[in-house]
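After this come two complexes, each holding subunit A, first together with subunit B and then together with subunit C.
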Partner chain A sequence: METTKLPPTSPSSPTTSFSVPSAEKVDGFPRRSMRRARQRRSHSSSQFRYQSSQVELTPLPLLKDAPVAELHDLFCKKLQQCCVLFDFLDCVADLKGKEIKRAALNELVESVATSRGVLIEPLYPEAIKMISVNIFRTLPPSENPEFDPEEDEPTLEASWPHLQLVYEFFLRFLESPDFQPSMAKRYVDQKFVLQLLELFDSEDPREREYLKTILHRVYGKLLGLRAYIRKQINNIFLRFIYETEHFNGVAELLEILGSIINGFALPLKAEHKQFLVRVLIPLHTAKSLSIFHAQLAYCVVQFMEKDATVTEYIIRGLLKYWPKTCTQKEVMFLGEIEEILDVIEPSQFIRVQEPLFKQIAACISSPHFQVAERALYFWNNEYILSLIEENCQVILPLVFATLYRVSKEHWNQTIVSLIYNVLKTFMEMNSKLFDDLTASYKVEKQKELKRDRERADLWRGLEEHQDRRMQMLTEAARNQRNLQERGERGDPPSPSSPQTSHSDQPELKPSGASSSSSGGGESAT
Partner chain B sequence: MDAYKLMKELRVNYEQEAHYRPKETGLRLIESTTEGDSRISAKGRNAKVEDLWSLTSFFGYSTQTFVLAVNLLDRFLAMIKVQPKHLSCVSVSCLHMAAKVTEEECDLSPADELIRIGQCRFTTSDLCRMEKIVGEKLGFKSNAVTALTFLHLYHQIALSHSTDRKESLSLEKLEAQLKACLCRISFSKAKPSVLALSLLRQEMEAVQSEDMLEIAYHIQRHLKITDGELLLWSERVAPCLSDYASPECSKPNHRKLQWIVSRRTAQNLHSYRTVPELPTIPEGCWDESESEDLCEDVMSSGEESLSSSLGSDAEGPFFPLHLRRQKHLHA
Partner chain C sequence: MAGADGDDSLYPIAVLIDELRNEDVQLRLNSIKKLSTIALALGVERTRTELLPFLTDTIYDEDEVLLALAEQLGNFTMLVGGPEYVHCLLPPLESLATVEETVVRDKAVESLRKISQEHSPVDLEVHFEPLVKRLASGDWFTSRTSACGLFSVCYPRVSSTVKAEIRQHFRTLCSDDTPMVRRAAASKLGEFAKVLELDYVKSDIISLFTALASDEQDSVRLLAVEACVSIATLLPQEDLESLVMPTLRQAAEDKSWRVRYMVADKFSELQKAVGPEITKNDLVPAFQNLLKDCEAEVRAAAANKVKEFCENLPEDNREQIIMTHILPCVKELVSDTNQHVKSALASVIMGLSTILGKDNTIEHLLPLFLAQLKDECPEVRLNIISNLDCVNEVIGIRQLSQSLLPAIVELAEDAKWRVRLAIIEYMPLLAGQLGVEFFDEKLNTLCMAWLIDHVYAIREAATCNLMKLVEKFGAEWAQNTIVPKVLGMANDPNYLHRMTTLFCINALSEACGQDITTKQMLPVVLKMSNDQVANVRFNVAKSLQKIGPVLDSNALQTEVKPVLEKLATDTDMDVKYFAQEAISVLVLA
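Right after this comes the complex of A and B.
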């Protein structure tokens, strides 16, 4: 009987096969715990590739002790040292080497952060190379295939002790006062940026946080890459929306976009408006909206503040994509609408008020109390109230019937109280309009009751008619039977031939005679 | 009811109305009180009556209930000095008492519901006690002759005299106008019969019906209402009604109401007002395609012109036309 082999510690072959003894199988399949134990070992780090001949690192002298003439050379050597990758899968392997690299990275970070004159031209390619080697890797597939970003704990990157320092180094490098964009752009090119963007799909939030700040600086300083970055971000979003519905870095990318949108020059370029309509608004349809909704809403509102004419696109777009079955999303949409209304211009408001308040009325009548509450709470917002007041004649009729009906029918008492507040507010705004609507509402209700009564009467009448018909038919059938029996027995036919009564409308004579038992033979008269 | 009987009933009510009028001196005292005093002012009373109207409307009570409630309230306030902090309790008690008298049992809302919706600070037992006090002081049983009584009678009389007319007076409209008048304490000083007649006449003048005005004059003579009195109140009613009917919306008093939401909703309310951490990146005012960097990048990656990198199908059929046009409209 074989014992379960643990994966070999030497990382020479990334794919190792395991054999599971039959005792560990259930129904011929290995037990789930076995599977998970195996997978966890190989997937928690993305560093699948290792040098076949492990390079031994020798500690170099400290940077701070180096004489000025040798500083840059030493710096380069340390950078090259840091290009060696280590296996963090195995906690005990190469501890010495790992420590040397960690210390070197630390020194590099310190040096770039504090000293001046360190970044000379020959260092740029070495630095970018070191960074590339460390961070660019294929991200491992998620351990949990049904990873829910809201509920589950993310899988953290195992090699973070080194990776974090590499990111820190990159960031300080970009932020250094000696940093020359014109030199950097030769190495931080489109290919580099594309790989950087792909890393945003990492499950580790700490990594995404660094990437966000780094990409923000890259966008800020390397002007020639800006259009390319925007284009690639668009591609990522479009793939996310329409193809995969999976990408972990949407929130971070949106945060960067927020700061970009904030800085748009006026008048807004057509390209940006197109981005709003074709990417940002459809992004609201994603299932995992709750993760990045705050950032998305911020971007949308920024657009509005830049150029009020996009308001109509935004609101109509949101109304088009209004969630029909997911109430959690509905509450988010309502929050976003409130934020939008907070900054909307009155002239734009007038253009969208009708479809908007029809939707709000629908939300108020939602049986889900959070949706109704959120919609009703709009009336607590002073600016929105002033907009409503200016357009009271249009808005009140749209929501009036819903408010009244829901106040009588809703199960939730808080909602009923809120509706009272809203109705009272309307009453104070324009009492005549309110009274007119109340009167016509009552008239409508009366008409409805009348229609219901008439309909009930109609059905009752039909049922009664049906009953009568059934009665007559059974009578007629009995008459028929009686006659047949008499005929068989040879009874003389009675003077008034009941046969004539076998027409469509048999007379309902009060002759229990014709319907009595066969032995009667009584006359039908 | 035939015309003769109606007129007789009118007479009877007219003789009764004095019993149900609030003391004029008491009303004047309220009118002359300034805000912030230890006594109830006209503004305070008017605001409370508006609240009563909101509650009446919300619970689906009839105008009769409302008018009766205001009548009780005015009579009580004119008789007894009430502190402003008790005004809410007094008014809601009057409403509850009026509703018990006028409404069907099944339509009556329980007292605690009334208190909860009205956002009152007192309890049900407070309400009960206050109802007893008001009932005792006013000797209230179940009826009162109010302006609405007269309005109904006048309306019936007008109808019975002019059944062949196509336009008739709308009772709902008259009731709504009466309600608007009752929200101002000054109209409580009027005789109900005179107030109702003023409203009737205004409406008749509005529909420009000479026949109707004849009927109104007939009523006036029957009740021996003087021209002077009628004119006085008509002059006061007119501006009130034109205010009511004006299409302008007034700004509601926002602070009075409490907006209570559930905990979960409250938690999520302001979750978006976060200050972004990343500093703004200003867009270059020069066209990016003019920067020297472009040439190298274009050569290295063979991409199309950067400025239209996204908008390569900017001229295509999917590009909204108005977006294109608007670019030129911006200053």
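Right after this comes the complex of A and C.
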């Protein structure tokens, strides 16, 4: 049925579909190769649906040979010619047409890059139309639903030979000295930008690379679109974080933002702070963090360097989203914390040191040695070490118990020796405090045990109370029923009289409550 | 704590709150999960005046804690003193409904929906509806998305002025600036339409529906398709054409495959909602297009619906529609280039035979089944085989048996063990439909061959398969065809195969009955107790324990007991352990 969609290619399509099974027998992994080859086919036809009839292209004269008077007209004709789309999965289909378009695109690129005075106003709508027709398309379904950008090879865009030239043309167009933002803004509008942003989900890294540069130029030249672009990037990120967890272009968008943040005016606008707190920090929760962590950390540090007062938001945010089970992410978080501490202002450090070093202590006691090791490396950083030294009175008590315990318990010798070094450093920093803490270690341990016992007692008491309470309510209900039957009045034993008025329902409710805690109740007895 | 007889003052709130504030997240989480216990200890009055304000103020915790809290509060009505005080729960839930994390927010909305039912109509207007309004006009998208889920629960029980306000708020959110909010509104559009008066469905909902269905983002448009089902169900037939169909037609041809996929996925529901006339005129061609879609995802979704769609066609010209419009597309899908499409089709195509009857099945469907049985992709073949029962009812399975056999044999020998496993699982079904003769002649060898497969999972499944076959064909059949072969493997040089004998005996003894077990199986098991491989010996002990209940007490005492006692003194500790276990379970000590 696909052949009906692709009228000019019907003779060749059987050969392509025939060659696939034979190839898959060879590699022994039929599923992947079969799906890859076939879905690419459908991808291209997806675009074809909307092209009503295939046009036969005829070569036009070369731009460089055209008389000046006809140059713009010819340029325009070439742009129109480049609006014709070709099926690239069928590599032998309409080779002549493909070559004509390729040559035309090359000429357009060269002309816009080298010769002055080509870009006149009437060409803007034609150029933008040509670009839109070629690049804007619904991205096909990912051929691999569990596509893992770190593990899997990305699907490359089949029509890249043309698409690349279109992107190249767009880039040259934006970078041309003749480029007039005032003219372009009529055609490169919000709708255009939104479609451009959606393309960042492309699986092809080459396409995303072009998009990144292009969007950056658009952001730089078309000032009226800046706020809109930022807002739409926000929306993409929020959807990525809270809805789909899938978007291929997060790293590229963050890279653009990295340079945008650099240019923010001071003091930071509320909008930008909100972006930091509600978008950038939550981005750390993504499953695929490793793919864009470097760019994300760069953005975060950029914010701090702009305005030190956001430090506390950042550190507390990271602590809130600290990974609980994924040790690889934990190592990344520790790396980012070190980057942040590298540029932190001492006054800001004091504001976050307590929660921060509690977390660092937790990392040091991680049974995963890479996490513990990464945390202990902080003590090799001179700037961090100086901050620790200045605040030794606060920090040492926070981490001492952990260091002391882990130095005796950790399975990994490297960790143990790193901890000894850290303990030694602390001893040199403040030997008095160190000795006090060593002396009180046991007492603190005892206190902790006592607190645990008290907690257990409290909960046991609470649960017993709950059981009694339920019994009472049941009894009260029964009594009341008896009393009513006898037509007498007695004094209700329940202390909370309003409940006796709905004597039927309380029975229902505490039974629900007890079921949630029945496990605890059993263990207590 | 002794002598505490429900005195509320026994537990100072500070102590309890300390528990809710503990530094350790896990402890905090435990405390929150037992919030009802705390509330009960405090009593309703202090829960309202002290606990809830504290909870409202501390909504800055870990998401996990917040999730537990949001859930707990949904069941708190009685703990705050019953329905007349239920509105006390609104402030903490309102804050929870604005947090970023989707799971927490959704849970808060769920709890709010739950307790909305416990509000009196007056409280609903005084307390609940203002909360919905506040959420709907919140600054950040999270509160506005949460609001979308709350309109429909309060709308039916408020006065007409408040109703008008609610409709206005919903309208605003449908055209919200953020796509997240529009998506939330679109996903609740159907639900909201259901509680609206019909006039307002026509005046309000339709325009919102049309707008959302042509949103610039495909993620919004596809949600409108879902709403389309509910809306079409609500409207009288004569309005469907003008109010719903233009949008639905547009969605079926949307430029984004995700929207078309959604249409295909919801096709049966849409079909029921719009009724037979529109189905004939509009949905049939639309369905044909979806079956021919250029994206495999869409074709697969549509292929999945083929049977249901055909089933629900109006009966008067169902056959004609299927034969002239649907079947040609189905034929093409049989040789589709994408295996997911083919396998989706294979899972439903057999169902068409009941609809089309014997003659059509033989003439038109049979060739398709046969083609799919020969498909290169094992999943397709499996899907056909797993649905054989539908065809069996209409034309009998004999028509297929010629092609069935090679297909089964090929699957049985597939290089992927999961494929082999899948076909084993259909063996009892096939055996039942093909009959004992066909089975003995063609399939028995396969079933025995699986017993010596090199993958344990296959040997295990093969054992279980034998048991099911014996249940089907009876003990006599087992004695003649299976048992000798199984017992023969007891002398195999490979200890894994010898163990398979034991596993088969475990599975078969009950189905074969006492006679066969005592006379034929038991001697073999006992003989294997001298095996030189310890694994075989302790499996002998396990087998004896397993078949013991089937044996009579004489055999147990005179034959089993001595062997187990000997095994109990084995040099291998596992053999000893299992022998002793068997002795104690069979009460032979």
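As a convention for this text, the second predicted complex is superposed on the first by the 393 of 525 C-alpha atoms of A that agree within 3 Å, B and C clash if a C-alpha of one lies under 4 Å from a C-alpha of the other, contacts with A are read in each partner's own complex, and residues count from 1 in each chain.
Quick note on the criterion: a residue touches a chain if its C-beta (ideal position, glycine included) is under 8 Å from a C-beta of that chain, and two chains touch if they have at least 3 such contacts.
This structure is a prediction, so every number in the text was calculated from the model and none was measured.
Undergrad: In the overlaid three-chain picture, which partner chain does A:K447 touch, first (subunit B) or second (subunit C), both, or neither?
TA: neither
Undergrad: Check whether A:A294 is in contact with subunit B, with subunit C, with both or with neither, and answer first, second, both or neither.
TA: Touch status of A:A294: first partner only.
Undergrad: With the two structures laid over each other on chain A, which partner does A:P267 touch: subunit B (first), subunit C (second), both, or neither?
TA: A:P267 sits against subunit B, while subunit C stays out of touch.
Undergrad: Identify the partner contact of A:Y242: answer first if only subunit B is touched, second if only subunit C is, both if each is, neither if none is.
TA: So A:Y242 only meets subunit C here.
Undergrad: Which partner does A:Q393 reach: the first (subunit B), the second (subunit C), both, or neither?
TA: After superposing on A, A:Q393 lies in contact with subunit B but is clear of subunit C.
Undergrad: State whether A:R481 touches subunit B only (first), subunit C only (second), both chains, or neither.
TA: In the superposition, A:R481 touches no partner, neither subunit B nor subunit C.
Undergrad: Please tell me which partner, subunit B or subunit C, touches more residues of subunit A.
TA: B
Undergrad: By the touch definition above, which subunit A residues appear in both interfaces, subunit B in one complex and subunit C in the other?
TA: 191, 278
Undergrad: In the complex formed with subunit A, which residues of subunit B make contact?
TA: 50-51, 53-54, 57-58, 60, 116-117, 119, 172, 176, 179-180, 244-254, 257-262, 264-265, 268-269, 271-272, 274, 276-285, 288, 291, 293-294, 296-297, 300-301, 303, 306-311, 314, 318-320, 323-324, 326-327, 330-331
Undergrad: Note which residues of subunit C are touching subunit A in the complex, please.
TA: 1, 4-8, 10-11, 15, 19, 23, 27, 33-34, 36-38, 40-41, 43-45, 62, 75, 77-79, 81-82, 100-102, 140-141, 178-180, 183, 216, 218-219, 255-258, 292, 294-297, 329, 332, 337-339, 376
Undergrad: Which of the residues in subunit A come into contact with subunit B in the complex?
TA: 185, 189-191, 212-213, 216, 219-220, 222-228, 230-231, 234, 255-256, 258-260, 262-271, 273-275, 277-278, 294, 297-298, 309, 313, 331, 335-336, 339, 369-370, 373-374, 377, 379-380, 382, 385-386, 389-390, 392-393, 407-408, 413-414, 416-418, 420-421, 423-425, 427-435, 438-439
Undergrad: Using the touch definition from the top, list the residues of subunit A that touch subunit C in their complex.
TA: 1-2, 4-5, 17, 21, 31, 34-35, 38-39, 41-42, 45-46, 48-50, 138, 140-141, 191, 194, 235, 238-239, 242-243, 278, 282, 320, 358, 455, 457-466, 468-469, 472, 495-496, 498-499, 502, 505-506, 508-510, 512-513, 516-517, 520
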